[in-house]
Amino acid sequence: MTDSTHRLEELRWPDVEQYLETRASPTVIVPIGSTEQHGPHLPLAVDAFQARDLAEEIAVATDVLTAPLIPYGDANHHLEFPGTVSLSTETVVAVLEDVYASLAGHGFENIITVNGHRIANLPAIETAMQQSTERHPEVSFAAIDPLRLGISVHERLRDGDPEDGMHGGEFETSYMLARYPELVDEEAFVKESHETAPYQTVNLIGNDDRVLTPSTAHSPEDGDLGHVGDPTLAAPEKGEELWAELVADAAEFVESLGAADSEAADE
Amino acid sequence: MTDSTHRLEELRWPDVEQYLETRASPTVIVPIGSTEQHGPHLPLAVDAFQARDLAEEIAVATDVLTAPLIPYGDANHHLEFPGTVSLSTETVVAVLEDVYASLAGHGFENIITVNGHRIANLPAIETAMQQSTERHPEVSFAAIDPLRLGISVHERLRDGDPEDGMHGGEFETSYMLARYPELVDEEAFVKESHETAPYQTVNLIGNDDRVLTPSTAHSPEDGDLGHVGDPTLAAPEKGEELWAELVADAAEFVESLGAADSEAADE
Amino acid sequence: MTDSTHRLEELRWPDVEQYLETRASPTVIVPIGSTEQHGPHLPLAVDAFQARDLAEEIAVATDVLTAPLIPYGDANHHLEFPGTVSLSTETVVAVLEDVYASLAGHGFENIITVNGHRIANLPAIETAMQQSTERHPEVSFAAIDPLRLGISVHERLRDGDPEDGMHGGEFETSYMLARYPELVDEEAFVKESHETAPYQTVNLIGNDDRVLTPSTAHSPEDGDLGHVGDPTLAAPEKGEELWAELVADAAEFVESLGAADSEAADE
Amino acid sequence: MTDSTHRLEELRWPDVEQYLETRASPTVIVPIGSTEQHGPHLPLAVDAFQARDLAEEIAVATDVLTAPLIPYGDANHHLEFPGTVSLSTETVVAVLEDVYASLAGHGFENIITVNGHRIANLPAIETAMQQSTERHPEVSFAAIDPLRLGISVHERLRDGDPEDGMHGGEFETSYMLARYPELVDEEAFVKESHETAPYQTVNLIGNDDRVLTPSTAHSPEDGDLGHVGDPTLAAPEKGEELWAELVADAAEFVESLGAADSEAADE
Amino acid sequence: MTDSTHRLEELRWPDVEQYLETRASPTVIVPIGSTEQHGPHLPLAVDAFQARDLAEEIAVATDVLTAPLIPYGDANHHLEFPGTVSLSTETVVAVLEDVYASLAGHGFENIITVNGHRIANLPAIETAMQQSTERHPEVSFAAIDPLRLGISVHERLRDGDPEDGMHGGEFETSYMLARYPELVDEEAFVKESHETAPYQTVNLIGNDDRVLTPSTAHSPEDGDLGHVGDPTLAAPEKGEELWAELVADAAEFVESLGAADSEAADE
Amino acid sequence: MTDSTHRLEELRWPDVEQYLETRASPTVIVPIGSTEQHGPHLPLAVDAFQARDLAEEIAVATDVLTAPLIPYGDANHHLEFPGTVSLSTETVVAVLEDVYASLAGHGFENIITVNGHRIANLPAIETAMQQSTERHPEVSFAAIDPLRLGISVHERLRDGDPEDGMHGGEFETSYMLARYPELVDEEAFVKESHETAPYQTVNLIGNDDRVLTPSTAHSPEDGDLGHVGDPTLAAPEKGEELWAELVADAAEFVESLGAADSEAADE
């Protein structure tokens, strides 16, 4: 029997009961990714692995629990590429609301979603958090996304142009080289860019699109490779450094929640 | 009989037919607001009026049509305040999808949603645009929101602290003073601020929250006044200047769409 | 600042609070119309304007509030005509139930829907009222429709044949001539009639169809002009007289509700 | 093996195939009732039996088919009385749409719903017919209801006051005495009336309510007996005469459909 | 007036009230069948009649009530055959949940569904029972299906091969010969078999498929007759014997429920 | 870069494209488990691990692909125990239908669901397969469940009484001892049994309940330990033997599909 684990699924129910009873402000992290094409050089699991790894490392750093990974997300615009699996927006909302309701029912006071698949999952996550807050006002919901949380670290580490794009590009490839090099095909590294529509940006950092537009489907039949960005700028060190800072910042946030709750309890 | 109007509802069907047949890239703007409390000094319609006015002024500037205003949005977290009316997120999605489907069916090639009620409506608008794009790939969908579109103009005009907050504060009050002074109660101007949670901002400009959280309900029973921001910094001139720049920028965007479509048609 | 208004959206939340606290039986009127073709002579907004104007005039006459207009309804059978916008029946039900729930939550005791788009919206309104009554038994729900409320006044004022039809015909055109003459194209006045199916009537007054059938789609491609009725019989005076009597009768109904509530409270 | 039957469920599939292939305009009748209290003197099945019997007699008279009875309807406002079973409005819509879709798929050109449970089922039937018309434009949908179809015969036969009410009263009791006397408890005959709200009527014939309101729940705990009307005026002869005329009129309508279809086919 | 009946629909509400008040453990049986093709020799109603008859005979044997038959089920895979009517799985779930909720609300403590249409209805019945148990934990839900309940009696009586199939075959035809011989076309008796997929069985008794697969549609256009099994082995005596044993076993089960409830009440 | 993997998520899209193009009958396995209490001696992930491991081992044995694990299922009746996470039945159906639709769209011809959480997930899986078959008739759907597939091997290996129960008992504990001994708490091994209701069995092998009933919630507050069965009879060897046979049998089934498809293609 393991001495300790932070994975909810590896615990027995009396372990979870004890966790809930002994923490001032019990916290659980719910990772959600996507199973979708990331160009010819990266596997379909990039977003799922990012969500799972980020959740687990934050959990270890802060001594909280992670729920099992939801490996599928809203990836409709990638369905033209073989292997992509997509849930509809409303299915993602339903899954998250059910998971949140179960966890809230057990007494978790902080439920933090870690999203590995920015933009496309965010409307569903925001909808699920908003509706769940109405039903479980005693719970603090929050969502962490690498690009949102890591605005400044991305900008500091970046070698490429912000308009190169960020789907399977410099940073996601660096992360995969750091953690799953055996799944990366370096021979397939090609810079792939898309023309930007007026008033829009493919720099997903900082979320500075002045006008919002839906993700548009692309297709291998049009000659698209699937990714948008420049994997030739990737390096494992860049992935490690990015990750370390993301985990550190997220851990600081998670710890601030517990502190806030304790203070509130003190009043 | 009027010589001309840009309001869809004031046209007869042969007028709409003619509009659709004679434009290279027919465009329609769909305004959606919210009917929700904006503090003791502003009426419930602030978001609805912003959506409607912005839509109409862009339409006049670019010679396109506006659909009738959807005056209700997702305002659940304001329901504690008398008079607020809220649609659920899924109802907002349903309304938008039905409206988009009708307009797409008539042959409009650009359907632009103007949101007067930032953040809370955005998950629904993004969901509706994404799902509608899948069903109507021939249509370009886009959403314009004053705070997104007007990042730099807000920053330039601002006198207060970015963390003062932006619900019924400096800018919304300036707009109302400029356009609907008879509905503003200047005697009720009070600066009202909220403590910011860790990693978050009440500066809605630029959308720089590093962690996403649901809107939390507040209540007059807790002594909240309802708004977050500083109406004492408001001035009608500021409202006019802001509005002029928003309309000019939006018009430029709308015109770029037509141009992009024309170019595409030329190929 | 205005001295007084009956429009909910023009009030600030403390005004609404005061209204609710000082009335024996607080009442709000919810107008719902449709944005749909009304023949070549009338604009798409006829039903929306009727709902909004009737609601506002009743509100003024009885000193109650009106909620913002829902400008869209169930108009599927008109979608062949450019400009028509339709919500599905279930979307209309969802919108009304959400609006009713918000208003019931604030303490309105009478929620009266004014429908400008007879027949097609009625199944949705009846469904929404029935389901909302189960959830809010303390609220009195009612729906007013010009043709139902005004059976006798229509019969008294009518110059045409009852079987001429009533969509864009004698009465709707009279109302538009009285209120919005600049939106009426008198040169396009043509009598347009449809053959009546067995056991059915196009006399919408009195609702005497012996067999119910769904509205059937017509289309400009079949040569239909869109309206059914005789606009050449329209006159602004007829519109004014009809309207005055509708408002007077509706006001009497609204006042009877307050009285009934007061009596009940006295027991 | 029977020589002939008009009940779909008693046919084998090759019989149905033959029916469909040999008729110019194949017609099927779908009966829907309700299982709900009808006062202390009548069984719960009154509406179900009316729908089934009317459907079958029309089918025999016109040589068309009947589908199996849907014995449940929207009877929420009667749930306080033991034995009442209610489907939600949306469940009734779903059942009807599925049944209509199956029948339309087989090639029935006329699908006629016979409702035994007026008012409460009508919004659901109208919604289902409207939505099904959009999906199956080649099918003629219609709904027959005894009170709508039989306006004049009810008025001619009536001995009581139109405001006595019509749920378990003079006419429904007469029908049950004519057809199912063994299920009627004559010793429990009591006249039961309800006060009418302003602008409304309990005369369900002619549907002349000037204002629409939802059905309100009543309850045995308030001393209600459940019915509204005067069973002491009932007589089996009245039931037979009413029924004969309803069936004759309905048959005329059904036959007119076939004729209309034939003419259309001739063009 | 009848002295007694076990059919809920033939009772008046005071009868149902009395039934509920005088039983230690009030029980109601809900029959659900299907209207679907059963080969060229049997009518569409086989499953509906089985459900209704089994429910009624169990009710008589145990002195409990039956609700009206739901004559439609989930029969999508038979829609190619004329006359089949199918509800979607989610519609069947909705109907059952609404019926269960009404009955639970009246105080029935045991709600037993009798399914005449095995396999295809079971996922819907299981879903509805599971979800209703969560909402009505005080109610015991159970479902009886002839093939499940009658595993051993089928095996004992069977003359054919277990792999002959059981849709319109030896047993269903025997039941129909015993009860509704006038609806059976003996001249159309043909043995019809389907090749079994690997790891699967068409012996529906005992439910021994090692791998679950969806029902697959067949079609008269492919030369299918619709049934699977051997009607030439049918005999009315076999039907009577099967039925007697099913009713006896079911009655024993129903009585055990009452006993279990009584014991629980004694504690 | 790995030479080969059977996990869809570890492939790049051109790998998936190649897989689809080079196989006569492309097959993918979708594992679904549950995160739910399994007594004080086993972790919450038992069902999830069983689904994932069985899927992967079958995939390796037959050279087909596995989709990422869905770690959550319909576990409502276990929610009283800390840590259990449950999706509603309709959410499970939605997830499966979306996953199936994506995979069918890419051209997979056999989609095999491996369920690690018997009974409770089966209604959802059967519903999703049935509805997906209607939409994707070209795809063969099948579901494998250890208890169904392994009826005879369970019976052969069993040391305990069939009525001991099978949730966290002899077999699930043996599997966990064989594969994840570090997550098993042998000190917490206790035989836990439930009294069986009449006509029912807790022997989940063979599915011989003569009457179907919903899973009933139990609770630690009632002194329940959560599992039903006898973990003291568990042994890792038993787990290995069971597993080897399940994988071998499943592999035989999967290979028969490809063969069947090839034959069909040959015709």
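Here the chain labels run A, B, C, D, E and F in written order, and each chain numbers its own residues starting at 1.
Rule of thumb we're sticking to: a contact is a pair of C-beta atoms (placed from the backbone, for glycine too) under 8 Å apart; a residue touches a chain by one contact, two chains touch by 3 or more.
Owing to the predicted nature of the structure, the values given are computational and were not obtained by experimental measurement.
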Least hop count linking chain A to chain C through chains in contact: 2
Each chain counted as touching chain C and chain D at once: none
Touching both chain B and chain E (chains): none
Pair of chains joined by more contacts [C-beta pairs], E-F or A-F: A-F
Reference chain F; chain at largest CA-centroid distance: C
Centre-of-Cα separation between chain D and chain A, whole angstrom: 56
For chain D paired with chain E, centre-to-centre distance based on mean C-alpha positions, whole Å: 27
Averaged-CA centre spacing for the pair chain E and chain C, given as whole angstrom: 49
Touching two or more other chains - residue numbers and ranges from chain E: 88, 90
Contact graph of the chains (line, ring, star, complete, other): ring
Chain order, ring traversed from chain A with chain B following: A, B, C, D, E, F
Residue ranges of chain B touching chain C (in the complex, touch as defined): 1-2, 7-17, 20, 35, 37-45, 48, 67-72, 79, 81-88, 90-91, 94-95, 98-99, 102-103, 105-107, 182-186, 188, 220, 226
Residues on chain E engaged by chain F in the complex (per definition of touch): 74, 76-77, 88-90, 120, 122-127, 129-134, 137, 140-145, 148-149, 151, 197-199, 206-217, 249, 252-253, 256-257, 260
